[in-house]
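The following pair of complexes shares a single chain, chain A, combined with chain B in the former and chain C in the latter.
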Partner chain A sequence: MDYIVFGIVTGCILIIASIGFSMVWKTENFLNIAHGQLLLIGAYFAYLFKEVLNIPFGLSLVSSVILTAFVGLLLAKIFYFPVRKSGILVLLFTSIGLSWVIYGIIQAIVGPDIRTYGLETSRMIELLGKQIISYQELFIIILSLSCVMALHFILTKTKNGKGFRAMAENRDLAQIRGINSKKLSDYVWLISSGLAGLAGILLAMTGTLNMELGWQQILIIMSVAIVGGMGNLYGTMLAALIIGLSMDISTIIVPTSYRTAIAFIFVILVLLIRPQGLSKGGTA
Partner chain B sequence: MEALVFISGLVALGGIYAMLAISLNVNGGMLGLWDLGVVGYFALGAYSYTLISTDAPYGLGLPMVIGVIASAVITGLLSLFIGFTALRLRSEYLLITTFAFAEIIRIVATNEDWLTNGNVGIFGLEKPFQEVIPGSIYMVFFAGLVLAALGGYYFFAQRLADSPMGRYMRAIRENEQVTQSIGKEIFKTKLKVFVLSSSMVGVVGCFYVWYMSIIAPNMFYSTVTFTVWTALVLGGIGNNKGAIIGAFVLIFVQEATRFIPVPTEYSTLLAGIRQLISGMLLILVLRFLPQGFIAEKFKSVERLFNLELKNSIVNEPDGGRRNVAG
Partner chain C sequence: MKKNVTAFLSASLIFSMLTACSSSNGGGAAGSGSTGDSINVGFLSGLTGWLGSFTKENVNSMILAQEEINDAGGILDGKTINVIDVDTASTVEGSIKGYQKLVNADGAVAAIGPETESMLALLNEAPKAKVPIMSAFAGSTELDEVGGDFAFRTAASDSLIGEVRAKILIDNGIKEVAVMVGNYEGAQSDVERFRETFEELGGKILKEVTFNIGQNTYNGELKQIASVNPKLVYYSGGIDTAPIIFKAAEQRGYDWEWYVTPDVAVQEFIDVVGKGVAEGVKTVIPMEDENNAAFKRFNENYEKRFNAVPSGGYYNANTYDLLIASALAMEAGGEASGSAINEKIREVTNPPGKEVDTFEEGLKELKAGQDINYQGASGPIDFDDHGNVIASYSLMEVKDGKWKQAEFYAADYLK
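So, the complex of A and B:
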């Protein structure tokens, strides 16, 4: 039972981490490797607010997410937008370069120490005399579900959301129909980076905060996004849950250190059976 | 004297990365495969060599030469398996699959203590001709050895690029359907080149083991793959000379800062700045010199990067003309 709860929590964090990645992939058509480093930025902003400036955790969380969103947009404007015309390979390598720049700056500032937010151990919720889930885990699950629902609402009900879906399908056509793709892609970067920051904070909450977080997570995020099918958001959510669950449930059978290997074996198997991912491109 | 040892160490490391970049150029540059598994074959070659040539309890204690041959063969066989499963996929899908294989290899090396001694690794490994060359100038000799091997790699890759096989590889990179339509076997060629390139990387693994004289899983993080790709992009994808120059520039930029004597408390700051400089170098080269320091001899690199071509008819250096539009 514990493993299922862990798996769901891992899956929920993965959803938040990979939706943004998927959105960027869908609209800009490249794999944004630097997305992993945005997780790191968010996590360290929260550390800065919570532990250095002594701001309450809730407030630190919100302000770091907002700050990360704007940092992400700013970085995209400086580094990606000018080379958009040069093709996806240039964008891909620019994002690798940017990852190094971010990683280097953060490493220069914070050093290699492993940190935590110093949160109190949260109480367990008991059900039928059994400890099922801690408040912290429940918080993560509820938070990610509300994010998913909010995103679903934005995408299906608002004008900008519909515009995003149109733009993801065919950028030129959407522009002809009067959709302001420039403004919209700013929104995409904001949302994507904000979600990355949030995922980074949640990850650091459940584990520890170290410099390798970005590089470790981007591999799993890429796997989730690709298994989910070319930037398909709902496929991505499904894939995140499946990979999260399979990683944690597998620890019953194989040693814990093989956790990530299981995720990758799963990815390879899925791609061999269904080369287009779990769900085909389709509407975001 | 110390400076000489330092510089030859730098040259040796640069040479090792240059060999990796050339091997990657064979499949990533000339054939255009998005292979992010470099570090996997690297680790595989290094471990195969170590486990075969080291004395018991870890290894079999066979002669060094057999270790080197075995590293090429074992890496080749495993990459045959990886290639057979992965090469049917394209671009991003191939990228993530090769990446996943590389990660699995590292995780296995970390966890199977009975085979690899796990995270601790294996220490004090022998180096070639260690008994003959005095310790003080050994690094200089080793740098020479690396450079000689690099020369061999360059010569081989250059011959391959100029051969019919090389033209055929570039044809697949530029347009798979057309190449297939003139009766070439795409998958078989990709597999052949993939295995060749991986075995080349596997042999470089031996040099890395000699250089470090230890082997441990933390030497084989995915950053190695990114470094090699960065070197190739800096130098110019598809160009062997570019691969060498890119690797040396990158390694010198990363390692030269070790020369500056600083108090230990600033060492992490410096490590961060090193990463920052490499990243900025990559970004700037991509923006202002998208073809790298040396562009590929054939103009086709423009197609690889999808650059907009003003003129769709391109004059070939040998006098022919071809249409590159579409």
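So, the complex of A and C:
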């Protein structure tokens, strides 16, 4: 039971970290490597607000997510949009370059020190005298579920959401049908970057804030997105949960040092058995 | 259908490129090569990355040694020492690139600073390049019997510290422990000798759990440790992982006594874990003898120069000693080269010879044609055939948010 809870928590953080990556992949058709560094930006914004400006954590979290969303959009407008027509390889290498630029700038500002948000260690929730989950972990699960539900609502019930799905299937056709792809693209970058910022904050909240946070996460994020099926958002969510669970539950049988390897074995197995990923490859 | 497989392969390729890119962080400090009047010595270490917390003070220690040498008139009739800082970003790739830069571009005579993994990676290269690699904090047992030729360290070997740690626990009546160890050479090596000695002395390792760095959570690993209900857990891992593990353990009410590796015995550990969680955590670290005159003077001079007290156990004195000993070795060898350091470093630091504990004193005796035995700020620094030294140790404990010495063990404790 404990290991299932651990896996769900790991999966929930992965969901938030991976959805934005998948959204960009689906609409812009390239792997945005700089997504990892947006996690870092969000995490350090929250540190700035909470520890330097002494703003309460809840408010710091919300402000940082919003700020990261706009920083992500701004970066996209400056670096990605002008080279969009040059093809996905140019976009890909631009994103790698941008990753290093962001990494270098943050490092120059914050230095090599490891930091935390200075939050109190949260208590455990007990059920029938048995520890089940901490309040912090419950918060992560609720937040993750809220994001999933909000995204589902946006995609299925709003005009922009439907437009996003249409644009993801065929950008040119969507444009011909009168969908404002420019405006929708902005929304995608805002949501994607905001979620990345949120994931960064959650990671720093459960662990530490260090410069390698973005690099450490990007490979697993890419794996989740690939297993999920070519940017399919629901597939990505499912993949995040399955990978999280498989990593934590596997530690009962195999040594914990192979925990990460299990995730990638899973990726390979999925690609061998079902190369299109868990889902068919549609938008949602 | 193949598109997704291609995407995965692309992702793997990209990551390989990213990893390769990370090695390009090395370098950055300027150096004009050894000239007629100055001798370049490299400080090759992670100024950024996980070593960054340690090396801030090590850089100062190098400056202190450099200034003492130059203020005393330099070596070899007035040649001054010029220290070139090369940031490895705490990566092995960065160290290799940085070492090549120091050798080929800067004409440096020594590379002081690499950590365990980098020392191992450069071990074969150093004798070919004839530029010694000298570490103040590479404790790996892997280096126990392979150094000595263009590879030296003033850090105590993990085998010794592992033995000391095991003996201290047994002497304190602790016969059963669980171990959490990081999945990398430095951490594994740190545990290896401890495990052997602890079991030889009648102790029992209840459970050993290996963990990967960079995970989001370590609840599964902690649960496995909890399954054997230990009283004491030994943690050997990095400072980036420690807060996640220690906070989660506290959260789940695991009431274990913790011993940690020297790698996290820094103030930053307490700051990031939190005073409450860190309280009572213990470590055994190589520690300079506070009664050693050279160490006292090093502390005073450091404080005077940098307006800050150097942290004990941060390998500051060890770093300082490497530069002083290298300079004395070059003076004794009569030339500014890595070969002179390699050939003469034992001669100027080991007995026999007149004991000296400053560079100035050593220089004077060498000029007078005397043999010297440099007594370092970090200890006697007598290099054995494999370039190792023995050290004295401290049992440190976190009290009121600070690392405080609980017990001092002289270098002969194991005897």
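Things to note:
Note that the second predicted complex is superposed on the first by the 281 of 284 C-alpha atoms of A that agree within 3 Å, B and C clash if a C-alpha of one lies under 4 Å from a C-alpha of the other, contacts with A are read in each partner's own complex, and residues count from 1 in each chain.
Here is the rule we go by: a contact is a pair of C-beta atoms (placed from the backbone, for glycine too) under 8 Å apart; a residue touches a chain by one contact, two chains touch by 3 or more.
Fair warning: this is a prediction, and the values are worked out from it, not measured in the lab.
Three-chain overlay on chain A, with chain B and chain C in a clash. Touch criterion met: A:Val267 reaches chain B and chain C at once. Of the two partner chains, both chain B and chain C are touched by A:Leu219.
Contacts of A:Met149 after superposition on the shared chain: neither chain B nor chain C is touched. Look at A:Ile109: by the touch rule set out above, it reaches chain B but stays clear of chain C. Annotation for chain A, partner touching more residues between chain B and chain C: C. In the overlay built on the shared chain, the residue A:Val90 is in contact with chain B alone; chain C does not reach it.
Look at A:Thr208: by the touch rule set out above, it reaches chain C but stays clear of chain B. Of the two partner chains placed around the shared chain by superposition, chain C is the only one that A:Val9 touches, whereas chain B remains out of contact. Shared-chain residue A:Leu74: touches no atom of chain B or chain C.
In the superposed model, A:Pro275 lies in contact with both chain B and chain C. Once the complexes are superposed on chain A, the part of chain C occupying the same space as chain B corresponds, among 63-71, 99-107, 225-233 or 243-251, to 99-107. According to the touch criterion, the shared surface of chain A, contacted by chain B in one complex and chain C in the other, consists of residues 31, 96, 99-100, 107, 111-112, 215, 219, 222-223, 226, 255, 257, 260, 267, 271, 275.
Residue ranges on chain B touching chain A, taken from their complex, read 85-86, 88-89, 92-93, 95-97, 99-101, 103-104, 107-108, 110-111, 221-223, 226, 229-230, 233, 268-283, 286-287, 290, 304-308.
The touching residues of chain A, when paired with chain C in their complex, are 2-3, 5-6, 9-10, 13-14, 31, 33, 92, 96, 99-100, 107, 111-116, 118, 121-124, 131, 134, 136, 203, 206-208, 210-212, 215-216, 218-219, 222-223, 226, 229-230, 248, 251-252, 255-257, 259-260, 267, 271, 275-277, 281.
Here chain A touches chain B in the complex through residues 31, 79, 82-83, 85-90, 93-94, 96-109, 111-112, 215, 219, 222-223, 226, 255, 257-258, 260-261, 264-265, 267-268, 271-272, 275, going by the rule given at the top. Contact residues on chain C toward chain A in their complex (touch as defined above): 1-5, 7-8, 10-11, 14-15, 17-18, 21-22, 46-53, 183, 209-212, 214-217, 219-221, 223-224, 239-241, 243-244, 247, 250-253, 268, 271-274, 276-277.
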